[in-house]
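Per-chain numbering from 1; labels A, B, C, D and E assigned in written order.
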Amino acid sequence: MFPNTSDVLRVLPELIWCGFGALLMLLQPLVKSRQVLTTVAVIGALGGIVGNFYAVHNPGPAFSGLVAADPFSIFFSHLVGLVAVLVILTAAPYLERERLADAEFYALVLFATAGMGVLASAQELLTAFIGLELSSISSYILAGYRRDTLKSGESSMKYFLLGSFATAFFLYGIALVYGVTGTTNLLKMDAADPTSTLLKLGLALILIGLGFKVAAAPFQIWTPDVYEGAPTPVTALFSAGPKAAAFALLLRIFADVPAATQFWFYAFWILAVLTMFAGNLGALLQTNVKRLLAYSSIAHAGYILVAFAAVTSLKDTEIGASPAYAAILFYLLTYALVKVGAFTIVSQFGGAGEKHLQLDDFAGLGERQPWVAAILSLFLLSLLGLPVTAGFLGKFYIFKAAVDSHLIWLAVLMAINSIIGAYYYIRVIVVMYMREPSAEIAASAPSRFPLSVNVVLTITAIGAVYFGLFPSRMLNFLLQANLLNR
Amino acid sequence: MTPQLAIFFVLAALAVLGALSLILQRHPIHSALSLIVVMIALAGLYLLMGAEFVAAVQIIVYGGAIMVLFVFVIMLLNAGVEERTNVSKLAGVAGIPLAVALLGFLAAAIARSNESAQAGLQTGTLANTKEISTMLFREFVYPFELTSFLILVAILGAIVLAQREKS
Amino acid sequence: MPAGPLLSILIFLPALGALALLCLRSDDHEWIRRLAFAVSLAEFILSLWWLLRGVPLGSAGYRLEEFHKWISLGPHGSASQTFINYHLGADGISLFLVILTTFLTVVSILCSWKSIEKRVKEFFIMILLLEVGVVGVFLSLDLFLFFLFWEVMLIPMYFLIGIWGHERRIYAAIKFVLYTMAGSILMLVGILWLYNATGTFDLPTIQNALQTGALALPRGTETLLFLAFFVAFAIKVPLFPFHTWLPDAHVEAPTAGSVMLAGVLLKMGTYGMIRFCLPLFPDASRRFAPAIAVLAIIGIIYGALVALVQPNLKKLVAYSSVSHLGFVVLGIFAFHLVSMQGAVFQMLAHGISTGGLFLLVGMLYDRRHTFEMSQFGGLATPMPRLAAFFLFVALSSLGLPMLNGFVGEFLILLGTYQVHWNWAAWAAIGVILSACYLLWSYQRVFFGEITVEKNKTLPDVSARERVILATMVVITLWMGIGSVFITGRTAAASQSVLDQMARPPRAYDAQVPVKPAPQPGKLPSGTASFTQKQNSLERLGTR
Amino acid sequence: MPILDHLWIIPLLPLLGSAVNGLLGGKWPNKIVNSVALGATGLSFLFAVEAVREFVHLPPEQIPWVQKYFTWIAAGAFRADFALQIDQLTVVMLMVVTGVGFLIHIYSTGYMAHEGGYYRFFSYLNLFMFFMLILVMAANYVLLFVGWEGVGLCSYLLIGFYFLKKSAADAGKKAFIVNRIGDFGFMLGMFLLFRTFGTLDFVTVFSKAGPLQADAMGQFGTLTVACLLLFMGATGKSAQLPLYVWLPDAMEGPTPVSALIHAATMVTAGVYVVARSHVLFTHAPTAMLVVAVVGCATAIFAATIGLVQTDIKKVLAYSTVSQLGYMFLACGVGAFSAGIFHLMTHAFFKALLFLAAGSVIHAMGGEQDMRHMGGLSKKIKWTYATMLTATLAIAGFPPLAGFFSKDSILFSAFQSENGGPNTGRILYGIGLLTALLTSFYMFRLVFLTFFGKQRYDEHHIHVHESPWSMLGPLVILAVLSIVGGWFAAPTFWGGPDYFTNFLGPVFGGGAESAATEAAAHSLELTLALVAVVTALIGFGIAFWLYIRRPGKPEALAKSMRGIYTTLLNKYYVDEFYAATVVKPLMWVSTNVLWKFVDVAGIDGTVNGIASSATSLGDTVRHTQSGNTRSYAVWVVIGALVVIAVIFFWPAAAPVSGMGR
Amino acid sequence: MVATSYYLILSAILFGLGVVAFVFRRNVITIFMSIELMLNAVNLAFVAFSQARHQSDGQVFVLFVIVVAAAEAAVGLGIIILTARNRQSLNVERVDLLKL
């Protein structure tokens, strides 16, 4: 009845995050010091990462195959943990500035992170569903965390309504798949009749549900509004964490269920194209930086979907799908780092009440705060995919995956999108370096960044360059043959 | 037509009518009541299938707890008759047709598919509640424990969102 | 001759310089300039010394190679694991382009000494970073690495135009970046496809495989790949009709930016054609050569005609680049050794002469803050020296013999004529037109009575400017007279490019009847055979 | 033989002079500039004389004497050396260039003494000498082309010397550009020669071309095409139809420049090239005919324009064009040595004419319009005397230089049968008519200038004789104009033509049989008589019109208004070119190429793509209406799309054929 | 004896009606109820499949779904209260501050 030790140790990260979440709630009435709470939260997030140690050395399934501790889940566990650390560090000064309670916030971040961890390691659809809900429900709350502002509440409401709507689709998909295969365990689904209509329908519904979570067009529709309305550190979390986790689940379903591989190819092809165009075209005219970054994250989801299409068309061929998997994972990593970094800067510049989010507010930043401008430029160039940045290599691998799978036209469409994307990223740089600021902005004192923010920026900036120059170690890890421990 | 089938049709009709009523009622409280009708009908269907534990949970948790919460909130917010604004052109023009198309497609796809899973008849044999509990605490202990955190989050959310003053 | 990673040092020395600049106080303009100048000068001297010593006369292959495994691809530890390599090397063609780059960087830094007053530190950092990118492009032997530097170079150039440019700088900067990226991103797809076909990014390896017949690209694939590469290069060159970014970028860029842009960056396109398009996709190159030649010729004439009617002096020079680079492309796609060497020479010559023109235009701008020729007129009176320098550079640009422009143009036309007389005939019209637009503009700027009061008191060239210009003049003359120094070193490399084009025909070629080489209609049969013999002799003799 | 081993020194001296004056002369007084410039050219002249002296002692097998210094351009099989060569033709040119050049330098020190930019002038002039020497001494076409373009440059610089004047700057530019049009042909000609012979060295090309079979008349073989292309270059440089238009305008330059460049030396470069390439031309009868016809047509065409010009220098300019036509006529009928002979004598008397005209202008304080002169013969006697000598020479009065050279050209033309039995007669007839016109307009010039009433205001213009620095060269050139033709004089009493014989090793021939020679001799005497009579008629008409009946020309002009204005406006050729070439080109460039194709077309397309992307972006953006119900519908649409794709699209086979 | 497909069709219809309700209704609470309707439809499918296959895990899933629905309800209603309080309206179409 009671699970054995190795089961528990293999899900230790999630447990640590949940535990620290609960701990923070307990501490909340007792500890008034924000620093202490922040420290505890950071320790908790880091603890989760450290908690991977057992899984690293003893990979394998846990809880009779409900979850797996394989390199794949370990990667994501590190990724979401890292994102959590960064988001907490970013949020600390933000919460103080906005006079928001922090213990609950951190707890929610940690719960969400745990949910993402579950999502990424789940090998069974129901567990995945619970993980998804854990992260989603936390996210709904976080989106509405600045509850006295209309935008935050609206963001929360939209996210909640549409998110639950999509979850219902996802769940219905699970039900149908369960009906056909008699199981919800991904590893046991190979026996399913691949021509089954219900299976097709079920997989389609699952794709819809997860497509919503990863913001694939036309399910991307919620993203800009929710991202814009949510507190900026939360936006950072949204763009990096849940998305990565949802992609992880999608990838795992894909890798483990042969039928999915078969049915999803064209859907991915089309979703990828729609998503790229929706994101990039939508961003073209944005003047709100936060919203612009939201559209940009849609576009990036589109790029990742290109790699998904590549995975599909690669399965069971002589080349092997692993480069395409590696491309997706690597992209998620670099993208998460850069996006968190960018949103961190935005959260600092927003000022009290997030008033300064317009593009014009960034005018003359290159002179007022050269370092910040330089780092933001680095992030933007990484998002744009120029060399020496991690974003370039990420995009490069996706291109490579697409070309390796002979998806030349998809690669060309992605190329076109990169160019459209270049326009708006560059526009931000233009504003920072080449526009004179308005008198009001020029007069405002340069905002000194708190230490924790500087730490975040340092980590993300170094990461953005490091993975652009020396990706080999990471890639070798991602390219290992037993990435998914089946 | 077996009695089961007759009961099924009655309950199914009730559920569908309830759902339609949910759609058509203008006052949220009426919609909530319609939904309760659906839930009760579904509970009846569960009983018909022999899943009495689920049926009980359906009544207690869904009908009892969740819907009461709904009604409570409706009362709390003093929600009146829904104003039928038509700001969304898309929803106004294409919403219903598309949703109905989806409905039709789902139903048609299921109806036309001849899966082995559907071939079976609902025997109405008693589901083993003990088996369910064993499963819950052995096989699915991990998600089960996670749901506890989920509930914790829900509580936390309610506090964070609904409390009036800042801490 | 020192040993060690010389090429790496050449590439990254300016980056180190940029780092050092970063450490200086940003209001200490004098030392920032001095340091930047010192770094660039050191770079120039090192590039001269190492490259000229390291790439001996007559060597065809790549020299000074550096090779390290860099990024792994494919499943780790498996047999199919491949690498992106850090592979550098220089040959006769890249050698001079690097030297041109390092030289023009020095010039750019000197010419910005006084004219850049805002954000001085950043400016010089950008110039040095630009140098990193460009030198890297010329020295990379790995397709990935090449692409990396190719893109890296965009950013500093973008900032140079966007921050220190003129009125419409932002429009121009964005246009420049988007245009270039539009081409290069497709090239990336092409590079990956090539990788997909060959399993490596290493240029010499691919070249080798193609040479030995170990690798044969299907006709359709080769065509698409060729186009993917070619369009990227054509945009950079820029070949008609991809040229419209150029006038804007040039006009809006600061002088140093224009000098680098015209002097070096455009050459990256033609360099790419020589280095990649021809050796890697010889059949496609041959198939597309007529179309490309037509575009090149259109570019030559069109660029010249549009230059002719420009009221804006800088735009005029910009359009003249379109015309001149058309010659280079023509020379490359004539597939004749003489024209190929001419093309390489013309790349260098154009770098110096057009660089010089932009310098002079910049000096005029420094004095008058306008490029409109209607604002000038009669400037030879207040500044005779500047007028003399301008004339000299203009003459070299219009291809006066004994100056550098002539040698390149002449060889290109001569070589092209040997294989396609009509191409050369059309292109030679550009020679007439270049005289038209340069002399006419010269007249409008320097001759006549002074019409604008302000112009009466303009100062003539300063000592610093005189040093820069005199250096340019000396180099112009030297290249015009001692061209053998350069052509002798580019000969073997150019020949090897053409050799790689002439590899044995493959199966599908046999289906297409080989068209007889077009003979000019007017050549009697007796001399025709004589010519052919000459051509074959020429191939034998220079191998 | 020290100088022959160091031929480079001859061109290099002027280059040094140019460099020194150009770089340093700005701050120097005129005297130093003078001594540098004169020293350079004078020394160059002396070295040239010495070189010629050494040359005549060379054994024939060493001729042409080629000196190679370094390889200038090398690529593939192409090689162009910096190599100088000297043969008989070069000797003639060398002497003309350095000799006349030196004289004009001396003259210039006087003429330019009060002009600004003195050092600049001499620097350019020396530079011109350098390029001209390169041109005549080059041992291959490419190096020749260096000189060819170089003199064009100097011409540009010197025409535009008074750059404050728009007309001067325009004229300089026009000269360069028109020359470039010719160079276009010249370059293509070189390319074709290289393609045919694999080299551009004179010696090799000619030795390879010699044995080739000549093209037939009307056959456009390689050599014919090559010759025509080279000739195109020559028409540009030597101001032949249709590219002559720049030369009259070139009179905007200072007068010594007109004398040196636009009369004596540079403009004859085209003749030189044709003569130099005679081996090729003799293999291309069609090209020869073209040369003869173009030369002849230019001669008469320019002469007619010269009839009515009132600007003293313009008359001389058209006269130059006309005389150059003569030279081409000579080459075209195969009388290369006659052409070169006329080139030389023309250099003497036309330089003299220009210099004398310069002296007149100098005397008149810059006035160039002959209508405002008159009666100067008593005031500037030396100028008058020398000018008259030159006029007699150009009009072809024996025994002056022009008589002999013109006579031998007309004689050769008369004998030519290339292109049909009557071609020669027609050419001769036109040539003779030209001689008549030449005589007429030259005497018209003399009469208008030096005779008749004084038509200027004496209070404003103080006519004065020029200084000796100017008169000295005039006198020397006058002497040369008299004796310069005597090389050929012995032919009239049956002796040898020394000039032709001297050039014999270059052009071949010269050894005709005694019988034909005898027949030819009598014919030549007849033709000479005819020519002299013609010249006299021309003189007579001029005398009658401008001395006896001074009012008559005006009446005549009125009565033949149409012809007169046409001639006065030079047949409207400039206007024709402007209307058919220049204006349309500018219009097309501005409105079609730039504004339409470039800005509206290409850039418009690019910007159009950008703006359509933006408007598409706006559309996409507006789907974000903010309304949750719409969003829900989008999700439903998405669901339908996904389901439809999965259901109705064929399932993907692993690695589909896409993209392959 | 009722065929499983009947239950499944019913569940599809209910799910579809939930979707219809979602796009049709304007009141946030009612929209939320339509989501509950959809979840109920899913539950029906789960139970039906569970019974047809004689596997009890389907019923376990239903329990999980109900728990999740409860949690969602708590949070969702919290959000609704928050919105209603801020905006004095439950009409979802009036909540459109964030757009474009």
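Throughout what follows, contacts are C-beta pairs under 8 Å (C-beta built on N, C-alpha and C of every residue); 3 or more make two chains touch, one makes a residue touch a chain.
In this text the structure is predicted, and so the values were computed from the model without any measurement.
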Inset, instruction - Starting at subunit C, figure out the least number of steps needed to reach subunit E through touching chains. - result: 2
Inset, instruction - Count the C-beta pairs in contact for A-B and for D-E, then report the pair with the higher count. - result: A-B
Legend entry - Most remote chain, CA-based centroid, reference being subunit C: B
Inset, instruction - Return the chain whose centre of C-alpha atoms lies at maximal distance from the corresponding centre of subunit D. - result: B
Legend entry - Innermost chain, taking as reference the mean of every protein Cα atom displayed: C
Inset, instruction - Provide the C-alpha centroid distance between subunit A and subunit C, rounded to the nearest whole angstrom. - result: 43
Inset, instruction - Round to the nearest whole Å and give the separation of the Cα centres of subunit B and subunit C. - result: 70
Inset, instruction - Averaged over CA atoms, how far is the centre of subunit A from the centre of subunit E? Could you give it in whole Å? - result: 26
Legend entry - Whole-Å gap separating subunit B and subunit E, where each centre is the average of the chain's CA atoms: 6
Legend entry - Two or more partner chains touched - positions in subunit D: 610, 621, 624-630, 632-634, 636-637, 639, 643, 647
Legend entry - Where subunit C touches two or more other chains, by residue: 178
Legend entry - Where subunit B touches two or more other chains, by residue: 87-88, 91, 95, 98-99, 102, 106, 109-110, 117-118, 139-140, 143, 147, 150, 153-154, 157, 160-161
Inset, instruction - Please give all chain pairs that are in touch with each other. - result: A-B, A-C, A-D, A-E, B-D, B-E, C-D, D-E
Legend entry - Of subunit D, residues touching subunit E in the complex: 621-622, 624-629, 632-633, 636
Inset, instruction - Would you pull the subunit B residues touching subunit E in the complex into a rising list? - result: 2, 4-5, 8, 12, 15-16, 19-20, 22-23, 28, 31-32, 35, 38-39, 42, 45-46, 48-51, 53-54, 57-58, 61-62, 65-66, 69-70, 73-74, 76-77, 79, 82-88, 91, 95-96, 98-100, 102-104, 106-107, 109-111, 117-123, 125, 127-128, 131-132, 135-136, 139-140, 143-144, 147, 150-151, 153-155, 157-158, 160-162
Legend entry - Residue ranges of subunit B touching subunit D (in the complex, touch as defined): 87-91, 94-95, 98-99, 101-102, 105, 109
Legend entry - Touching residues (chain side subunit E, partner subunit D) in the complex: 19, 22-23, 26, 31, 92-93, 95-100
Inset, instruction - Could you please specify the touching residues of subunit E with respect to subunit A in the complex? - result: 8, 11, 15, 18, 22, 28, 31-32, 35, 38-39, 41-42, 45-46, 48-49, 52-53, 55, 57-58, 60-61, 64-65, 68, 71-72, 75-76, 78-80, 82-83, 86-87, 92, 95-99
